[in-house]
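Two complexes come next, and they have one chain in common, chain A, joined by chain B in the first and chain C in the second.
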Partner chain A sequence: MLDLASIQGAFDLLTSSASAWVFVIPGLLIGLFFGSMPGISITMAMAIFLPMTLYMDFLPAIIFLTAIYTGAGFGGSVPAVLMNIPGTSSAVATTFDGYPMARSGRHNEALGVALAASVTGCLASYLLLLFLIVPVSSVVLKMGPLEMSAVAIWGMLLLGSLSGNSLPRGLLAGVFGLLLGTVGMNTAGYVRGTMGVPWLLDGVPTIPAMMGLLAASQLIGLVNTKYLIEDEGSRKISFAKIIGGFRLSLSFPTIILRGSLIGVIIGAIPGVGSSISNLLSYSETKRNAPDGDSFGRGNPKGVAAAEAANSSSEGGAMATMLALGIPGGGATAILLAAFATHNIVGGPSFIANSKDIVYAIILSNFAQALLLLGVGLGFVYLAGYIVRVPMRFLIPSVLVVAVFGSYAIDGTISGPITLVVFAILGWAMVRYDYPVAATVVGLLLGSLVEGNLLRTWQISGGDPAYALERPGALLIFALMALSIGLTAWSARRRRRAAIPAAGSG
Partner chain B sequence: MTTNITRRTMLRLASGGVVAAALAAPTVLRAQGVYPDRPINVVVPFDTGGYNDRLSRAFAPFLQERLGQPLNIINRGGAGALLGHTYFLQQPDDGYTLLCTSAAPYIPLNILTQDAPFNLEDFHMINLPSQDYTLLARSAESDITDIGEVIEKLKADPGSLSIGVQPASADLVNLMLLADANGIARDRLRIVTFDGGGPARNAVAGNVVDIGLAGGQGFLPLAEKIKPLLVYEKVQRDGWGGKLVTELSGADTAFVYGSQRGWGVHSSLVAGSPEIYDTILTAVEATSKDPKVIEALTAQQLATDWYGPEASNAALASTARVMEQHLDLLKGA
Partner chain C sequence: MTMNRSHRIVVNWGHLALLAVIGSVIAAYLLDTRATSLRVNNLLFVQPAALIGLLLVLLVVPQCFRRRPAGAEAEPAQPLSHLAKAAGLMAALVALALSMERIGFDVATFCFLLAALRLCGERNWFVNLGYSAVFTAILIYGYGTIIPFPFPLTIL
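Our next item is the complex of A and B:
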C-alpha cells in the first residue's frame, strides 16, 4: 500500500528547502502555550495564525499549522495534570489520574508519562495513517447513527468505573450529566431546557462547565492547604523524574497501542474526535488493568491511556481531512481553509494526484512528534514550577485564568457565568460525595447519545431488524460485550486467586 | 507700565476661552476624524472555519487596503447565528462594525423561529455574493438511477427511502415542496435529521441514508462519492449535471435558495450617516470587482460576484417571505 516513488518525492520536497522546517519549533511552542491556556482551543490557536500562512508556501504553511495542532494537543495535558483543568475536552481523562499523581508529589512523573504517551501516540497514529489512510477514510463515511450510538454507549461504560465509593451515586451523577448534555436544540430542531436563555440553545457550554466542575470545585476545597503537594520534599522539579515518567510510560506498550488505535479510529469520525477517544481509551484501560481499582487515585496507566488516545486522534482527523476533504472538527476545518488559500482542495482526487504532498505532510508530522519530545520536555520542566507556588497565590491565579479562559471561548459573559454556576455545583457534589467526573463524562456524551439514538430511530422507522443491516454496529456491540465479558472473567480469576492468598496469609 | 486688563477681565477671558475651547473641541475632533480613523470590526456570527469565517478572512486584507484601516474579524458563533446577529445590532451604527453572515436563511430563521429581538429591516445587505442551492443526491454506491425513480418509490410508499436533511432548513422546505408537487404525504416521509449540512452530506456519501438534501457547494469535495439527482436551480451550477427542478416540475415551480452569504451593515447607518455608508459601499464594490480579489477568492471556492445592495436586499426579503409561508416546516421537525 506504500507508494515508494511518492515517498521519495516527499523526501525531496521536505529536503529541498529549509523553509519547511523553520516553522516547526515556533509552531510547537505556539501550540504548547495556547493549548495549555484553559479556554483557548486548538482551533482558536490555529485560526489566529492562519492569516500568517497566507504569505508562506503551501508546505511550510501546512507544516506550521500542523505543528501548532500537535503542540496544542499536548499542551492541554499540562493544566490537566497540574491544576485539574482540562484545557480542552480532549484532556478530561488526563485529569482523572494526572491530577491525583501531581497532588501526591509525582507531578514530574505524571508530566513525563503524559509527554511520552502523547509523542508515541502521535507517532503511532501517523504510522497507521501512512498505511491506512485510504481504508480508514472509506470506513469513516460508513459510520451511521447506530454505529455512533454504539461508540457513545461504549463511552458511557466509563460512568460505572468513575463512580468512586458508591455506584448509585456515580450513576446518578452520570445521568445528571447526560441530562445536562441534552439541554438546547436537539437534532430534530426541538428546544429543551434553555429557560429562554439564547446562550443555552447550543447546549451548556462544555469547556466552562468542565472547568467549573473539575477545577474550580477542587480549588475551593483546597483553600486550607498551603501547597498543592503537602510534603515539602516532594515539591522538587526533577528532570530525572520526568525522564523516569517517560520510561514508565514506555513500559505500557499495550496501553499506548490500544489508545492510539482508539484515537485514530474515533478521531477519524467527523464531529466526535479526541474528546471521546480519551474517555474510551481510559475506560478500556481501566477495565483491563489488573490494578484497575487504583485508577482515579494516581495510576500512571490512566494518564498514558488518555494522552495516547487524544494525541493520536490528530492522525485520524488528518486521515478524514486528506482523504475525504471533510473536516472532522475545527482544527481540520482551519487546515482545509489553509489548503484552499493555496488553491488545493482536499479529497479523493487530492490523495490520488498529490501523493507526494500527502506523504510529506505525514513524514513531517513524524518529525514534529520527535521535536515535541524535546520542546515538550523543556516546557513541562518549566510548567512544573507551579507546584512550588503557595496555594494562597495559586488558587486565585488559577481561578482568574479560568474565568478569562471561559470568557475567551466566545467572548461573552456566558462562559464565566457557566463556570461559576458549575463551580458551585461541583463543590456541592464533592461535598456530598458525588463523583463530578461522571457528570463531566455524561455532559460530553449526552448530545452524542441522544442525537444518534434519535437518528437510528428515524432511519430504521422503529424496526429493530435494521440492526441486522448494519454489520459494523453489530461488530462494535460484539467487541464491547467481549471486552466486558473478559473483564468480568479476569476479575473473577483475580478474586479467586486473591482469596486463597488471603486465607493462607 | 500699566494695563487696562483687570484681574476680573482676565478671569472672564480665560474662562470664556475654556468654554469656547470646550465648545469647539467636538467639531475639531469631528473635522479630524474622516471615516475611518480607527480599526473596523467585522462580526461573523459563526465559529472559525465555516464559510463566512473563510469569506471574511479572505476578503478582509483587500477591503482594508481600500478603507485604509485594519479589519478585525470577531467570531460570535452559536444558536444558529442568533447570538452573533444580536451582538452585531448592539454595536453602535457608526460604520465601525460590519457584518459578514449567511443572511438567508439565518436572519429570517432567527426572527421566525427564535423570537429574535430584531427585524429583517434592521439589517442592510451591501452585497450577498454567495447564493447556495439545494442538491438532492444519493451515494455513488446506491443503485437509484434518477429522480424519477425516487419520486415513483416515494409515491408507492413515502417511507420507502430514508432522507437525510437538516431540520429548519431551505433543504427541508424544498423536499416538502417536491412531495407536495407529486402528491406524496409529507408526514409519512422517513426523514432523518442531521445537525448541519456537513453531517447530512457525509451520510449521503457513506450510503447511510438512501437520499439526502443539502447545500450544493458543500457537496463539491465529495463529488466522487455521490451522484446528483436534482438541482434546485433554474440553471446548471458547478457542473453537477443532475436534473434541474425547473426541468422536472416546470419553469414556474416553487423552490427556495439555500444560504445567501455576504456583507451587511446596520440599516440605521444608511439613513443616519450616508457619507460613511457610501465610503463602505464604494470600498466593498471596488474590492468585489478587483480582478486580483476575484482570482484569490475563486481559488478558495469563495464568491465575490457583485450584485449590489438593491438586488441583495430584495433576494433576502424574497427568501424571508417564502420561509414565512413554510413556517410550519421550520419549527421543530
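Our next item is the complex of A and C:
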C-alpha cells in the first residue's frame, strides 16, 4: 500500500527548499477569506489565483492551490454558522445546526466545533488517501450511472429525514426542489421549463437559489429582530468558548470518523463530491444519534458531521484527480489545469512515474490541515464579532453582499434575479413550516438523478434485471435499506425511551 | 359523518396561496415537458416526479383548513406592521435586482441600503446616509477587485 522509497523522496522534495512552504499560509488565508465571502466559491478563488501559479515551480504551485482549497473548505462554514449562508454547496448541512447554535448564543462553540471537525476530517482524509489512493482509484473507475443514481437516490432519501413537523410538506418541498433542479436542457437534449429565458437552459443557477432559500429568506424573516442573538450577555466573543467547541468536537470521534469516511468515498466520485457528502454524513449522524430529535435545533454533532465530511471530500476528490486524471468538481479541474500549465498530465501514468510528487502533495496537505488550526482560530475569532452588529445594519448589508455574490458567479443578472425569486419563495415556505433545506437538496440532486437514470435506461434498454448485473449498485441500495431500517429502529427506541420519561415526569 | 356545529373552519389563506403557486408551477412544468416531447428520454424522471408532487399538494391542502371550537380564542396573529416590513424588504430586493444593470450597481445599491436600513429600524438619517454611502463604496471597490466581471456603474 505504501511505497517507502517514494515517501522518502517526497520528504526530500519538501525539505530541500523553502519555496514549497512559502505559499501555504497565504494560500490558507486567501481560501479562508474567499470561502467566507458569500457567492465566491472555492473554484472561483482558485481560478483567480491560477495565473499566479504559472510563475511558480510545479510543486509550490500545487501546494499553493491546495492550500486555497483547504482554507476555503473551512471558510464556507463561517457564514454558514453566523449568517445561515452556505458559502458553497458543501456547507449546506453546516447551516442546519450551526446557525441555530449561533442564534442561541453558542456561535463561539459552533465555530470551534466546525474548525476542529474540518481539521480532523481533512487530516483523516489525507491519511486515508496515503494508504488507499491506489485501491480507491480502481473502485471509482468501476462506478457506472446506476451506482451514481443509487448514491443520488440515497441523497434523495435525506429529504425525508430533513423534514420538519409534517412529512407531506417535507416531501413536497423535496420533490419541488428536484423538479426545479431538472429545469433546462436535460442530457438527452430536451429543453423544458425555461419559459424562453436563455440562462435557464443550463438550469436554475444553484448557488444563488441556495443563497435565496437559506439565507435571504431567513434575513427577511428577521426584519423585526434587533440582534442575531437577543440576549446581550450571550453576544460575547470568547476565545475560551471557541476552544471549548474545539474540545467538544473531539469528543465525537465516531461522528468525525464516519463523516471522514463518507467524505472520502463520496468525494472520490466525479460530479458528486462534497455537496452530497456533507448531507449524507449529517443524515447518518442524525439517524444514529440518541438525541437525533434535537438535530436542526443547534446540536453540535450536526456541525461536526457536516464539516468532517465536506473537508474530507477534498482528499477523495484529490484521489480521483491524482490517480485517474478525472476532476471530481470545479476545484480539482483547476488543479488539473495547473498540472497542464506545467506540462504534466494527471492520471495513472503520473501516479506510476511520479509517486514522490504525489506523496509530497499528500504530506503537504497534512501540514496545511495543521496550519489551518492556528490560522483558522484567529480567523473565526475575528469573524465572531458579526453577532454584535445590530440587525438593522446586518440584514441590508448581508442581503446586498448576497446579491453581489450571486452576480459574481457568472457576471450576469441571472444570479440576483434567481436569488430574489428564491428568497421570496423561501420566506413563504419558512412561514408555513416547509423545510427549505429539502428544496435545496432537491435542487442540487435533480439533474444528477435525471441524468444518471437516463444513462441507466439507455444502457439497460429499459430492462430492470440490469440492476442484478451491478453488485456495486445493489450494495449501495442494501446500505440505503439498512440505514432506513436503522432510522426506524432508532426512532422507535427514542419513542420508547420518551414514554417512561413522560410517565415519570 | 356529521359536522360538529360547535366547531368552525379557519382557513389559512397564505398557506393556500403558497400551495397554489407550488401546484401551478409543477403542473405548468409537467405540461411544458409533455409539450416538448412524449419520448421516454424526456419524461422518464420529470413526469413521475411531477405527478408525485401534485399528489403531495393535494395531501397538504387539508392542512390549510383547521377546525377550531367556536368559543376558542383566535391564535395571536403576527402584527400587520411586521408583515408590511417583510413585504417592503422583499419589494426593495426585487427593485435592486431589476434596476442594478439599468441605473448602475452603485446607485441601486445605495438606494437599496437607504430604504432597507430605514425599514429595518434605523431612524437617524445621517447614520443611514453615511452607512449606505460607505458600504456601497466598500462593496463596489471590494468586489470589483476580486471578481473578473465589470459592474455597470453610474457615479463611482
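As a working rule, the second predicted complex is superposed on the first by the 491 of 505 C-alpha atoms of A that agree within 3 Å, B and C clash if a C-alpha of one lies under 4 Å from a C-alpha of the other, contacts with A are read in each partner's own complex, and residues count from 1 in each chain.
Here is the rule we use: contacts are C-beta pairs under 8 Å (C-beta built on N, C-alpha and C of every residue); 3 or more make two chains touch, one makes a residue touch a chain.
Since the structure is predicted, the reported quantities are computational estimates derived from the model, not experimental observations.
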Exercise. For the overlay on chain A, clash or fit between chain B and chain C?
Worked result: fit
For this session: Would you check which partner chain A:399 touches, where first means chain B only, second means chain C only, and both and neither mean what they say?
Result: second
Exercise. Looking at the overlay, what does A:450 touch: chain B (first), chain C (second), both, or neither?
Worked result: second
Exercise. Between chain B (first) and chain C (second), which does A:411 come into contact with in this model arrangement: first, second, both, or neither?
Worked result: both
For this session: State whether A:183 touches chain B only (first), chain C only (second), both chains, or neither.
Result: second
For this session: Would you mind checking which one, chain B or chain C, touches more residues on chain A?
Result: C
For this session: Mind working out whether A:221 is in touch with chain B, chain C, both or neither, as first, second, both or neither?
Result: second
For this session: Would you sort A:198 into first (chain B), second (chain C), both or neither based on which partner it touches?
Result: first
Exercise. Is A:247 in contact with chain B, with chain C, with both, or with neither (first, second, both, neither)?
Worked result: neither
Exercise. What is the contact status of A:297 with respect to chain B (first) and chain C (second): first, second, both, or neither?
Worked result: neither
For this session: Once the two complexes are aligned on their shared chain, state how close chain B comes to chain C by Cα atoms, in whole Å.
Result: 6
Seminar exercise, completed: Residue overlap on chain A between the chain B interface and the chain C interface 44, 188, 190-191, 410-411, 454, 458
Problem set entry | Residues of chain C that touch chain A when the two form their complex | 12, 14-15, 18, 21-22, 25-26, 28-29, 32-33, 36-37, 39-42, 44-46, 49-50, 52-53, 56-57, 59-60, 63, 82, 85-86, 89-90, 93-94, 96-98, 100-101, 105, 109, 112-113, 116-117, 119-122, 131, 135, 139, 143, 146-151
Seminar exercise, completed: Per the touch rule, the chain B residues reaching chain A in their complex are 47-50, 53-54, 57-58, 61, 74-80, 82-83, 86-87, 114, 159, 162, 167-168, 190-195, 198-199, 201-203, 205-209, 220-225, 299-301, 331-333
Problem set entry | Residue ranges of chain A in contact with chain C within the complex | 34, 37, 40, 44, 48, 166, 168-169, 171-172, 175-176, 178-179, 182-183, 186, 188, 190-193, 216, 220-221, 223-224, 226, 391-393, 395-397, 399-401, 403-404, 407-408, 410-411, 413, 416-417, 419-420, 423-425, 427-429, 431-432, 449-450, 453-454, 457-458, 462
Seminar exercise, completed: Seen from chain A, its contact residues with chain B in the complex are 43-44, 47, 50-51, 54, 140-145, 185, 187-191, 198-199, 201-202, 270-271, 324-327, 330, 333-334, 336-337, 340-341, 343, 345-349, 410-412, 451, 454-455, 458-459, 461
